[in-house]
Amino acid sequence: MKSTELGIRVRSFREECGVFGINAASRAAELAFLGLYSLQHRGQESAGIVSSDGQQVYGYKGLGLVSDVLSADVLKTLPGHLAIGHNRYSTTGSTTLDNAQPLLVAYRGGRLAVAHNGNLINAVELREEMERAGSIFQTTMDSEIIVHLIARSRAPSLEGRITEALSQVKGAFALVLMDERKLVGVCDPSGFRPLCLGRLGSSYCFASETCAFDIIGAEYLRPVEPGEMVVVEEGEMRELKALEPGARAHCIFEFIYFSRPDSVVFGESVDRVRRNLGKALATEAPADADMVISVPDSSNSAALGFAEESGLPYELGLIRNHYVGRTFIDPAQRVRDQAVRVKFNPVREILSGKKVVVVDDSIVRGTTSRKLIRLIRKAGASAVHFRVSSPPIEFPCFYGIDTPSRAELIASSHSTKEIAEFLGVDTLAYLSMEGLRRCVRNPDDFCYACFDGSYSIPVQADADKLALERRAGSPPSTSQNARSLSVDSAHES
Amino acid sequence: MKSTELGIRVRSFREECGVFGINAASRAAELAFLGLYSLQHRGQESAGIVSSDGQQVYGYKGLGLVSDVLSADVLKTLPGHLAIGHNRYSTTGSTTLDNAQPLLVAYRGGRLAVAHNGNLINAVELREEMERAGSIFQTTMDSEIIVHLIARSRAPSLEGRITEALSQVKGAFALVLMDERKLVGVCDPSGFRPLCLGRLGSSYCFASETCAFDIIGAEYLRPVEPGEMVVVEEGEMRELKALEPGARAHCIFEFIYFSRPDSVVFGESVDRVRRNLGKALATEAPADADMVISVPDSSNSAALGFAEESGLPYELGLIRNHYVGRTFIDPAQRVRDQAVRVKFNPVREILSGKKVVVVDDSIVRGTTSRKLIRLIRKAGASAVHFRVSSPPIEFPCFYGIDTPSRAELIASSHSTKEIAEFLGVDTLAYLSMEGLRRCVRNPDDFCYACFDGSYSIPVQADADKLALERRAGSPPSTSQNARSLSVDSAHES
Amino acid sequence: MKSTELGIRVRSFREECGVFGINAASRAAELAFLGLYSLQHRGQESAGIVSSDGQQVYGYKGLGLVSDVLSADVLKTLPGHLAIGHNRYSTTGSTTLDNAQPLLVAYRGGRLAVAHNGNLINAVELREEMERAGSIFQTTMDSEIIVHLIARSRAPSLEGRITEALSQVKGAFALVLMDERKLVGVCDPSGFRPLCLGRLGSSYCFASETCAFDIIGAEYLRPVEPGEMVVVEEGEMRELKALEPGARAHCIFEFIYFSRPDSVVFGESVDRVRRNLGKALATEAPADADMVISVPDSSNSAALGFAEESGLPYELGLIRNHYVGRTFIDPAQRVRDQAVRVKFNPVREILSGKKVVVVDDSIVRGTTSRKLIRLIRKAGASAVHFRVSSPPIEFPCFYGIDTPSRAELIASSHSTKEIAEFLGVDTLAYLSMEGLRRCVRNPDDFCYACFDGSYSIPVQADADKLALERRAGSPPSTSQNARSLSVDSAHES
Amino acid sequence: MKSTELGIRVRSFREECGVFGINAASRAAELAFLGLYSLQHRGQESAGIVSSDGQQVYGYKGLGLVSDVLSADVLKTLPGHLAIGHNRYSTTGSTTLDNAQPLLVAYRGGRLAVAHNGNLINAVELREEMERAGSIFQTTMDSEIIVHLIARSRAPSLEGRITEALSQVKGAFALVLMDERKLVGVCDPSGFRPLCLGRLGSSYCFASETCAFDIIGAEYLRPVEPGEMVVVEEGEMRELKALEPGARAHCIFEFIYFSRPDSVVFGESVDRVRRNLGKALATEAPADADMVISVPDSSNSAALGFAEESGLPYELGLIRNHYVGRTFIDPAQRVRDQAVRVKFNPVREILSGKKVVVVDDSIVRGTTSRKLIRLIRKAGASAVHFRVSSPPIEFPCFYGIDTPSRAELIASSHSTKEIAEFLGVDTLAYLSMEGLRRCVRNPDDFCYACFDGSYSIPVQADADKLALERRAGSPPSTSQNARSLSVDSAHES
């Protein structure tokens, strides 16, 4: 039932969300479905869509993959020309339907739906303050805080209320919101999480990545800028400077790992940046080897870049089984390294007797990499040179990425040499911070906090961190399937 | 999926809820499960339990029958010595998980869970007022209003906050509430809906009917009185006069139809009262007949009373198919009267050539009764004397029963003679108001508004009624299955 | 999942099957659905329908209740004017889909579907013989043996092949068969199991009980006689003497317990016979008591008969919870007598201080009755007189009823006095064999083997019994849900 | 429900099955699960396992992916040290559980289970002959014919019976069989379909591809040879020449498309052969281009070979969405080319303004390739040179691959020039037959019938082909989920 428990988690770093929004001539929910479908890699625990026909608001959300939760029958119950959607990897520990998005509420202004990617820094304070003032909370989502703030605002327009609400929160947010008639996309002043603006005929759309535009045949226009609010209403698009932009702090990990290579985020091609990472790595840390192999699929671009720059042949030395399902339970735990073996199979005919450069995007705890290297050696590799297309991760993220605590990050307490020993590789090299910065167009526009600990929005001391972690440790609970979203409003039918 | 659409609804009158609460030595949720299971007849659309181990609060709810939603695996996730549970027939039109109970929230005082049976008269006003003040609503349940009021209260204790909240609402409520450590049962000042207090060893329990005590082997103590609040904490039970009691207005329909005959509600045996109804009916409206038959199972006791008083033999002339399931769809709509035929089969060998008294508990729209009588005639009955063990229903209920609008109540616009013609019976007689009143111990303690329109709490004019109906007509939405309840609190771990 | 394990089995005696067949103007499967639905009490473990449009044969079957397995979507996949259906309580231990019926095969003559109620005495011999000759078996059903015999027959017509096949089998069978164009109903020469013939307009139909005719509005014509074969083809009905009839041996338990009271089986009203049983019992074994109560619902008619004859009032002293589901697991095993308590609740207000006659239809192991009596006593009954509307069951059934082994039948090794002590009743009386015989029209036409051990078809010695039991002990296996039936034939498209 | 209807089928060529078998110290079914899991690409419509503990045989099968059908709970019901497993893409039209494998039966020799990969040429004749002799068929699987033949054999040993049975069938079969104590792997005399022999400690195992050995940590020993039977009994392995080997006719398409690149089949590395195909293609049909891209993932190896040989850079120009699920329904059919777009996204940043070589493994109907090329052009490619790493497919396969009819094979009626026009490419080239033959070690050992029509086992005239097609057109039927396999045997407990 609980995918977090049953599923194999080879990955330790998880993106939390994909968001999408569109106004269309009709059946907006179908396009939202496709958008979410293409953003599936950003979150596989829940999916949901809210739509509006201008009068009524309809919603549905559930635990599971987009194509399982949002069946054709469900989409039929989501009529109208406006729709927003969301899929998520919970950044809190509990996989519960309560925390699935979009969040749909009724308030003075009518109905309001919110899809949120990111993480608020001052969530605990804001929530305590609101609870002291008499508010109730039904979920553990930051989005509920945002909605409370919007509902409390006295501003006459939705845009005004959103602006007033967001000026009180700190942290990372790429938000898509809608009421009965308006579609809104808005980014935090630092631009931590990506939000792209697109056009499909006379319609406008928002998405975390441009691959969601490609799948519906929409054209990519530009990123939503830090602090900007884009409002779509009656078919018209308006661009507002809603929040005072701060120093840009785009998440560099979108390029290193999260986004699909066929996407553009923060205005740059993911594939291009990722290729650059591989090339830079080859320049910085060449290896005496017979071939370069990737840990598929996330490291393919970087490995190809490494091969190109180094002149070594790129080989398909690891085959990935894409059928590793959410509900997969490995029944034969007695087979050593089973969990990794189920996902990756080294190709003996390619690796046997060869010196191999293995390119991976990052090392979090190191345990999976270690098992993988053991498999590669058993397949006959005579030498393994591990190359990581990003610097050592030493610090947790507070802006929306689900990282383990600092203690679990192997690089926070071990030297590269020690890590190499732990992994069992002949050589190990990370891309340098300088190298990383050279791979993007505007290196100063990015957040590198997970590498260097310089949090652009100060995370207040230890107390707060504990609070956040306490929240993550909230009651274990199981939940399944889907629910509809339905709140009535006393104001309109 | 959507049981409201697929299920056969032979009944037009539906009870909305069963509630249960217990403090136990351990595994309170298992006892709550059994309690809800025995209250299944009070609501079959959703079921849920919230439990607490004194520190953490756990919850689960879903659409469907108690035994389907609350599986053994689910109960394992609900540890602790405190538990409350709820099952419901939605009184609003939409069968959505959002409206399943108990409602579980976090607020200044920690966590709070509420299970509510009844209906508030001033829900719309309260909600509009709260929305104007900046509150958000995620459901259409009255319970959410009550929770908001509790959260806003500045009273230092939970008891104080509940009292303050409930003093602002008007209408019918039998509530079971809990936080991490306390279990509370409370009734509205008129005592519209039943709430019983029981004891199991050194534990205390609350239930809508005493059959929920029988199934767990608990002893029935007494009803919770109008306006009374009973608090169970640290194994001790305290009785508080929380709300100023008004004139009693117990729902007489609990005796006529809703409660199980093996239950005691409002301090009287349901079977006894129901037998009295049948006897009184036989006295008031005897019939020249060969036998008495019941519309099983709700009219069995009254029919037996009629037979006893009249001296006519009681026969099993209608057999009920108990497998009529939630998901039953009648595929052969072409067969006339199919929906009734699927549920009831007249026994030709008993009825053929006989003059029959048919005892039923009530007539709402009359359409089902009409079909049933047609079946009885086809089975050979030479005369049908229809006897109703309650007066004509002419007015809708605003205190928690899901009645059709007044226009749909056949007795609101038709004379008994006209109804007899519509039904196609030889004679038709209802129990008189006087007769009804004589069947209970304290006739002045009951609400008879559905018969005589005298609403003990004034229902304000037409505007309000429309508002309530507008709410009932809120967005159609489909939903399935279960969700967990999980809200964290910043105040305790 | 496995209903046999999870479900509460208060009953020890289980009927194995309901069968239905119809030719209709169109959509025969929908009528078969309704027929099976009304026969649900005869088997709740699996359900299936095979239909034909004259060219193609379609099938579907699954584990579960009729209305769950045969959804509207499934019925759409079963077109045509011919249909047969089946539901079953497995008489073998395993609840597997393999053993669900109808069995559908392709053979020389085209396609053939069989729905079987009953049990063959020489199944093991026949199967061994066929296996020796090179046959393969994919199920453990007797029906597969019958189909093999039909396929091997060289007779030119389907009727001839069925006759030839059935002349080789011994035991109990009420069969409904169909191929692409013909519908056939046939009974064994002793007429062990009931099969009724009905008419709906110009269509003919077969069913185990007449309640299946009532639900579709069909008229009951007559029983299919022992040894008779009724063939429906091209809208015409032909009656054939297929097998030499032997001495009649109708199952008397159909009247005592299995059939619905609103049915006619073997040409007699079940309710009438059951009422007679109660009256005879009152005459034979009166009791000094205040009232008569029934163990609902199977003993209602007999209890009413007892009340009528004895002049004691009939009371509803036990209330049955009809929501006891297939998947019900009692989580609170610590509560004593829980399993019985979940199903039955004694009404204290009725029983308290009273001397009670409890009428039940039979005692198998005695364990459930004992628990029930304990509950009745706890509810305050001052004396319990247990009256059983059939003689003591001392022998197992080999003709299609799933009885426990002889050792488990309490009456096979204990005197009535001992049983009374075990049950904890004041007095215990069974109906006598003579009394039982007087309750039916033609007492010599019935099988009373479970009472007196006189098996009308000799069951050969111990070896065979062991073989049958070995079969019943075949591999435990779990299975779920539904499968389609699909065999192609090389002979026609 | 019906995956064949709902799923997107971008591929027209489908492999039908993966088979696996193992004797292990214990819990063989868990290893069979892993084996099937790694063979998931060979068949996604059903999965099943039969196991034996030496006494009892246990089975389970269902529709769906290996990890969905064979849950941990199911595996617990499959004890024992012997297990065989199967997954399939039905080669007949109907996706029904009846046709899921392994087939498990009881016969004279006890129980027998068969997992079959391949297709018999004389299935219709054999079946007609057996039906004439009185046999019944419950499925449309060739395997049922094989089992009938084994059951009819008078040979004293299982090996003898299998040999006798297989000497009567013509066509392609790689079979894994088991009874209570023996595990058998056997190949047809031409060796059409692959079957590999492996060892895990002292256990032996069979699998369609060696990737199934890798996942359980087993060692690959050698292919099972054409006509060879390998018997594993009591931990010992015996190699028998069961059938007179004919000319070898290994399916060349295993190298071109079906097998995973990390597998060894027919004794050669799939990756190596596939790289050779790409190199040969580059030599035969070079292109003036900027880059080489693959249609992922099946063409990755060939594309890399092309890149290596041509000196052009290998780019990741198409990104594949691996979440395309079985139940995926494209709701927005109005979006042109949607089905392809959902699966593949071209990377504009890579392709824009570039001359691109697209390497694909084969062209069946050409419709999908055409849509894909349209997408690539829309992403900005200035020239598209389509290179196919196999010759034109002009003939259907009768040996176990599910090909469309000849009329649907674009190359059977169109010249390469015409196809190029249809696809909308600048140039199109296929690998030549000579080139293809040079890529494998022993070119004469392979079947190239789909390219040149020379069927090594003659397919008899038109009548037979129609018969086969008639079979494929057998009754449409829906089915879901899982069933257990259970047949008892009268011979042993």
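Lettered A, B, C and D in written order, each chain numbered from 1.
Simple rule for what comes next: contacts are C-beta pairs under 8 Å (C-beta built on N, C-alpha and C of every residue); 3 or more make two chains touch, one makes a residue touch a chain.
The structure presented is a predicted model; accordingly, all values stated were derived computationally and were not measured.
Minimum number of contact steps separating chain B from chain D: 2. Under the contact definition stated at the top, no chain borders both chain B and chain C. Interface residue usage between chain A and chain D, two copies of one sequence, is largely shared: over half of the residue numbers at the contact are used by both copies. Inter-chain centre distance (chain C to chain D, centres taken as mean C-alpha positions): 46 Å. Per-chain Cα centroids separate chain A from chain D by 36 Å.
The distance from the centre of chain A to the centre of chain C, each centre being the mean of the chain's C-alpha atoms, comes to 58 Å.
Counting only residues that touch two or more partner chains, chain C has none.
Per the touch definition, chain B reaches chain C in the complex via residues 27, 30-31, 33-34, 37-38, 40-41, 65-68, 71-72, 75, 211, 214-217, 260-262, 264, 269, 271-272, 297, 300-301, 304, 308, 313-316, 319, 321-323, 325, 327-332, 335-336, 338, 341-342, 345-350. The residues of chain D lying in touch with chain C in their complex are 1, 56-60, 73-74, 77, 94, 96-99, 103-108, 112, 124, 127-128, 131-132, 134-140, 147-148, 151-153, 467, 470-471, 473-488, 490-491, 493.
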